[in-house]
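Each of the two complexes below includes chain A, the first together with chain B, the second together with chain C.
Here is the complex of A and B:
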């Protein structure tokens, strides 16, 4: 889909976007939060491509998603394991997390509010910066957050409505916990071409 | 149309605030007036920082500016940020939580939606308290059940397992030996203290009880030290019983019976009394030679005990088929 050079440039930009999200998140959590993007890939969901990473392990996940639109349009999602999401919520609320068993783990309404804010901050940074990069205005709202139970085999099914996926595998590093998540930006053909054209343009300038 | 639009905003069950570029309030709906006891005419043209001091901090005022600049909506959760506007409908002391959703309407206007979650948080808090209370009660019930279970299975005087516990354990052990086709044999030892009645009559039941406790302690300690595959219990009064597994024939049972008798024959030093001596008789039945069921093994051991009793006491005897 894109060559290594294009991928490197994209990764560099995304690292900057995510870095901004991390500093906003640090402010909410009152502690240093490091958000890193170890890998970026573009996947064509229509083809039977194998994802390089498991998006989520079998079990409950917290998925926040929002549509964004205008000249650059698509759907942005932030997904992480629900049990780990609780760590993030507790950190933001200044509470100490206790290690809980899978069957005892639960999220309550107020936890979802905090997750909504976390997703809002991260997705705003990523999509907002994409729109800056492309010199276009992108409209989007506050993400919806849901708790889902997904088996490993359902991973691609969960994403099947979207054709091109820009996968940003992220990890949240808090004081005591490392939380792996993934930011997925689902793009239509036109929007993806716009992004690739922009990357080529920058590479040409270099 | 404009009036109708603002009337509509007044009827909403959430707080609606519109701000201008300088953070001055240009609309304040009735819900906000009701909660804060500040009417729209009182707050119009006043900056949000004056009405809600939280916005005076650079953290929140820069959020407002950045929404104007970028057009990106922000959600601020009450769980993290707490109180933005005082709620006078609530008694003082409530921890007020409000979710805020802030969006850019146009180049000059910002919309703030305020959702008060204090009541909801309060309910969640109460529910958490209630759950904690239930968990605590559940723990207490579990502890009580554990105590009841122990009482049901344990002799309160000697702390040894009781009759019921012994019968259950022996049943399980026999099933295990049968199901695994084990070559091991099992000895069931029925012990009766010969002189306890005399001691009770002479020195009182308290002294008799102390001897029973000491006896239980001596026998269980010596059994544990020589064979972990044994189980001792107090059946009733001065009757004790234990079973022991052997992979080396009945010779092992002979030595065990002798050890128990030796332990019993050592004097019992009960305070303020001269050392007391007691004796015991032991009847032994062996699985699978004498019987294969709990009931029969105990019956045969009892018969063997009777033989010892009638032939001089302070000894042990294996069951002999008639």
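Here is the complex of A and C:
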């Protein structure tokens, strides 16, 4: 779908966008946030491709998603393992996290509210910068935050309505808890082509 | 002094409300969870300041500012939003806002908010 040079430039931009999002996360959680270099993949969900690794962790997850639209449209998702999401909420609220047994684990309304605000800031930062890169303005939907149980075999089904996925794998590391999150941007063919055209335009100028 | 704080996140409303209540103990503060509530409160209260998010259910911050503009209201508005798009900033600036502050709110940005309300 894209060659190594295009992928390299795309990774460079995403690095900057995710870096800004991490800086915002650091401000919210009041802790240093260390990010791994994002891995970028474009996945065609219609094909039975073998992915280089699992789409995201299976089991209980917290998934926040925001639709965005206009000339550049799609869906952006931020997915955390549920227990790690709770660590993140506690860090943002300035509270100590406690170990909780699986059967006792639950999230309350305040947790969902904080997670909604975190995803609002992070996904706005990433998609907003894509939109700036493409010289357009997108409109966002309100983030939808869900606590889900997704088995390994159900991962693809969860994403089945989206055709092309721009997968951004990131690992957020806060001072106290290693929080593995993944940002997924699902794009239709037109939007993906717009992004690739822009990448080609920039490469042509170099 | 009368202030409206409009944000669908109770997390953000709590932070801003707590700070303003501490800095301006005599302020009359109205908390709203969407643009529609804020619009109705604005018409009723005629506040000195409106602090609003953009991405909210029922009525967005842009729709709120536009509706106030159409009604000839020329208040002091501060936008606090996670939206980093240039186009969005230009759009809301056209409504004569005093300041666009990007989320997340850190101590410096909260201080800036207080200074603006103090007129500094």
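Everything below uses one rule, namely that the second predicted complex is superposed on the first by the 201 of 206 C-alpha atoms of A that agree within 3 Å, B and C clash if a C-alpha of one lies under 4 Å from a C-alpha of the other, contacts with A are read in each partner's own complex, and residues count from 1 in each chain.
Here is the rule we go by: contacts are C-beta pairs under 8 Å (C-beta built on N, C-alpha and C of every residue); 3 or more make two chains touch, one makes a residue touch a chain.
Owing to the predicted nature of the structure, the values given are computational and were not obtained by experimental measurement.
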Fit or clash between chain C and chain B when superposed on chain A: clash
First, second, both or neither for A:108, with chain B first and chain C second: first
Partner chain in contact with A:116 - chain B first, chain C second, else both or neither: both
Touching partner for A:27 - first (chain B), second (chain C), both, neither: both
First, second, both or neither for A:137, with chain B first and chain C second: both
Which of chain B and chain C A:128 touches, first, second, both or neither: both
Set intersection of chain A contacts, chain C complex versus chain B complex: 27-28, 92, 110, 113-114, 116-117, 120-121, 124, 128, 137, 140, 142
In the complex with chain C, residue positions of chain A that touch it: 20, 24, 27-28, 92, 110, 113-114, 116-117, 120-121, 124-125, 128-129, 131-132, 136-138, 140, 142
Parts of chain A lying in touch with chain B, wherever the complex brings them together: 27-28, 89, 92-93, 108-111, 113-114, 116-117, 120-121, 124, 128, 137, 139-142
Partner chain A, residues of chain B touching it in the complex: 59, 70-80, 97, 99, 101, 103, 117, 120-121, 124
Chain C to chain A touching residues, read off their complex: 8-12, 55-57, 81-88, 91, 103-104, 106
